[in-house]
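Each structure below appears as structure tokens.
Two complexes follow with subunit A in common, the first pairing it with subunit B and the second with subunit C.
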Partner chain A sequence: MSISQILFLIVGAVTLISAVLVVTMRNLVHAALCLIATLFSIAVLFVLLDAGFMAAVQVVLYIGAIAILIIFAVMLTRRVMADGSEQTNSQWPLGLAIAAAALASVAALLNAPVWPALPSVDTSLSISALGKALASPDGYVVPFQIASVLLTVALVGAIAVAGEKK
Partner chain B sequence: MVPLNWYLTLAAALFCIGLYGVLSRRNAVAILMGVELMMNAVIINLVAFWRYLQPTNINGQVFAVIVFAVAAAEASVGLALIISIYRRRNSVIADEMNLMKW
Partner chain C sequence: MPDFNDYGIGNIIVYLWKLLGWWIGSLGVPEPWVTVIVTLVAIVSLATMALLIPIFTIWLERKLAARFQDRLGPNRAGPYGLLQSFADVIKLLGKEDITPTGADKIVYNLAPLVGVLSVVTLWAVVPLASTMVGARINVGVLYVIGISGLGTIAIMMGGWSSNNKFALLGAFRTVAQLVAYEVPMIVALMVPVLLAGSMNVADIVERQDSMWYLWMAPIAAALFFITSVAEIGRAPFDLLEAESEIVAGYHIEYTGMKFGMWMLTEFLHAFTIAALTATLFLGGWNGPFAKEFPLLGLVYFFIKTFAVYFVVVWSRSTFPRIRIDHLLSLNWKFFTPLALGALVVTSLVMMVMNEFAASASVMARTVTLFAANVALLWFVFELIRRSARQARAEAEGGHDEEHASHGGDGHHDEHGHAPASAH
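Entry: the complex of A and B
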């Protein structure tokens, strides 16, 4: 087993264990902290995949923005659900069965030996290529601008929905 | 060298854990955390396919960046809806949000 495989197994185990804790913890603040651990180990996976920019975006956007937003929402809505109350609905065995069946069916497909090996190319220039692709008219400048407009609309909409009504 | 299907299996497992969270949690914020896990599993898949299939072509990463932006929009609007429902009905339990249930 090579170094990268051992690293992958460690990071993958951390990811899955903390993800399981996210969906099973009774205390939602603890669940949100486990979510941060999951997101951070996914950022490490991006580093293993030579996608440094994605790792940075993962840390800045997911951990820095979304996870903090979730912690704020947990704290703002804290009083209604005491930590001792039931956290799962009555259908949780069915939900577990559906999730396990989905995993089993996908895992059966993934065992087929059709997957290509890792191509050894120089990916050190991928960040500048990504920047050029996102900003050049020949590339993806229009989808990029539409994504910015979508974010602005989501921002305005979130303020309009959650803001205090006069 | 890590085979591609290790990444895909990890992403599938992460997706199914998120799916279980979405299906079984009562608290709406916890459901949104499950959605975030599923979204991250999808992004792992996108980046892994980019690295293994087309590493010289940057389009795969562009796709993942756009998915990141959509995920941020989804989380902000979803949490705003939860805060708004909490203000009006004093509850974040998904079973009790039945005003529009037929």
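Entry: the complex of A and C
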């Protein structure tokens, strides 16, 4: 077994265990901290795949922004920090169905007989390639711009909703 | 066996490291494990160096702060009080280790560890010399930003798990401050990335061999430095631990060496942001003969870092602290727009120069960029002056014309906030 396989097994185990803890922990702050552990180990998996940019973005966005926002929201919300709150609501059958469908589709994908070999890429150039793809008219400039406009609209909307009425 | 002549005296550390790898290999350890072992040795030595630095910088800071305040500072333990930090550590080790009742034990004990981790790991991408870089990762700048986010989480964990309202309030303030100041910091960091055409910190240093980015991007350098000082929560931005309001803030319940770890985090972080500023804007290890003798690059790097660190201590001991609402409006109404403006101006100038004067020398580029930065700053201050004047005229009922016009000097209005009641 090579070193990267050992690392993969360790990181994969940490990811799975912390992901299970996210949904089983009764204390919401603990669940949020487990979520951070999960997201961080996914970033490590990206590193093991030589996808450094994805790993950095994963940490910056999911841990640096979203997880902190979640923790902040949990801490500022009344009475959700008490242990022993209900872990399910009336929509659990629907959630179970969606989870089962997702599991079935992933299992079907993993059952594919032959995995196509990916072309090897020069990982040192991947960021500039990504940047060019996002900015060139032949690439993904339209989706990129639409996503940017959408985010700006969301930002303005959030300010309009939260702002003081004059 | 690696040949010493290939490395020379200027590169002796790398030679010793290669020698270690050769020696372990000669013991019959298989090749991949040799890589693992020498990498671990490098990680442990770098982290140990980073962790030992605060022993010196705490003494330095106390001595400097004392001089700024016309005192002597530590002078009893050892020559010039140099052993003061050791005495402090021994005192901390002897203190009772308390976990408060009702505290969340795991999170409470984990938090200082995460805090130290979030600072020590930053040293992985700081190039110490041309041949001594922990990790040449091509997203180095993003890595720095991501790791700073972990520090915020550590403070959050410590504040929440202490089961103390002052600690929790301190943690809330921290998050408001750190998350807000991250925005202009990230935008300011994009300017050296733009100038170097790379996010690799080692590349950014190498591109500065002819000109420091401080001269090409003075606004970005100043913004990065100021927002980093805010990120480490030091005076004038030390609202995370306001004695008169929230006592010691997030680490109020910590005792003994766990408190020592928070202190270590703070002092090491202060030194680390000095190192990052020196790396990204002051040319890092660049200097005369630094390429031929990497050890000399290490010396230049530390000289520059200590120079920036001196400014950190200087501003800490001379500026009054800033109020929380001013802190946030300074960030959102002044730093963030200014950082975005600096980014746009820099990219515009770069584009125009690449289009019409592609053969311009580094000097010509620097002069143009510097002039563009000065013009932007002048424009921003003019805007602030105007809005301040208007606000003042409104506050005074609009009849006191001449008073309003000569009161609007503009230099207090750096808070991006019209001082309607300033006089």
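Keep this in mind: the second predicted complex is superposed on the first by the 119 of 166 C-alpha atoms of A that agree within 3 Å, B and C clash if a C-alpha of one lies under 4 Å from a C-alpha of the other, contacts with A are read in each partner's own complex, and residues count from 1 in each chain.
One rule holds for everything that comes next: contacts are C-beta pairs under 8 Å (C-beta built on N, C-alpha and C of every residue); 3 or more make two chains touch, one makes a residue touch a chain.
As the structure is a computational prediction, the values presented were derived from the model and not from experiment.
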Look at the residues of subunit A and decide whether subunit B or subunit C touches more of them. B
Looking at A:S2, would you say it contacts subunit B, subunit C, both, or neither? Reply first, second, both or neither. both
Considering only touches as defined above, state whether A:F53 meets subunit B (first), subunit C (second), both or neither. both
Scan A:A19 for contacts with subunit B and subunit C and give back first, second, both or neither. first
Which of the two partners, first being subunit B and second being subunit C, lies in contact with A:V149: first, second, both, or neither? neither
Partner chain in contact with A:V161 - subunit B first, subunit C second, else both or neither: first
Quick check on the superposed pair: does A:Q87 touch subunit B, subunit C, both, or neither? Answer first, second, both or neither. first
Check the residue A:V29 against both partner chains and state whether it touches subunit B (first), subunit C (second), both, or neither. second
Regarding the shared-chain residue A:A65, is it in contact with subunit B (first), subunit C (second), both, or neither? both
First (subunit B), second (subunit C), both or neither touched by A:A108: neither
Using the superposition on A, tell me which residues of subunit A are in contact with subunit B and, in the other complex, with subunit C. 2, 53, 57, 65, 72, 76, 123, 126
Quick one: in the complex, what on subunit B touches subunit A? 1-10, 12-27, 29-30, 32-34, 36-37, 40, 43-44, 47-48, 50-53, 55-56, 58-59, 61-62, 64-66, 68-77, 79-84, 86, 90-95
Mind pulling up the subunit A residues that touch subunit C in the complex? 2-3, 29-30, 33, 36, 52-53, 55-57, 59-60, 63-65, 67-68, 71-72, 75-76, 123-124, 126-127
Contacting residues of subunit C [partner subunit A, same complex]: 32-33, 36, 104, 107, 137-139, 142-143, 145-150, 152-153, 156-157, 160, 168, 172, 175, 179, 182, 199
If we count contacts the way the header does, which residues on subunit A are in touch with subunit B in the complex? 2, 4-5, 8, 12, 15-16, 19-20, 22-23, 28, 31-32, 35, 38-39, 42, 45-46, 48-51, 53-54, 57-58, 61-62, 65-66, 69-70, 72-74, 76-77, 80-81, 86-89, 91-92, 94-96, 98-100, 102-103, 106-107, 110-111, 115-119, 121, 123, 126, 129-130, 133-134, 139-140, 143-144, 147-148, 150-151, 153-155, 157-159, 161-162
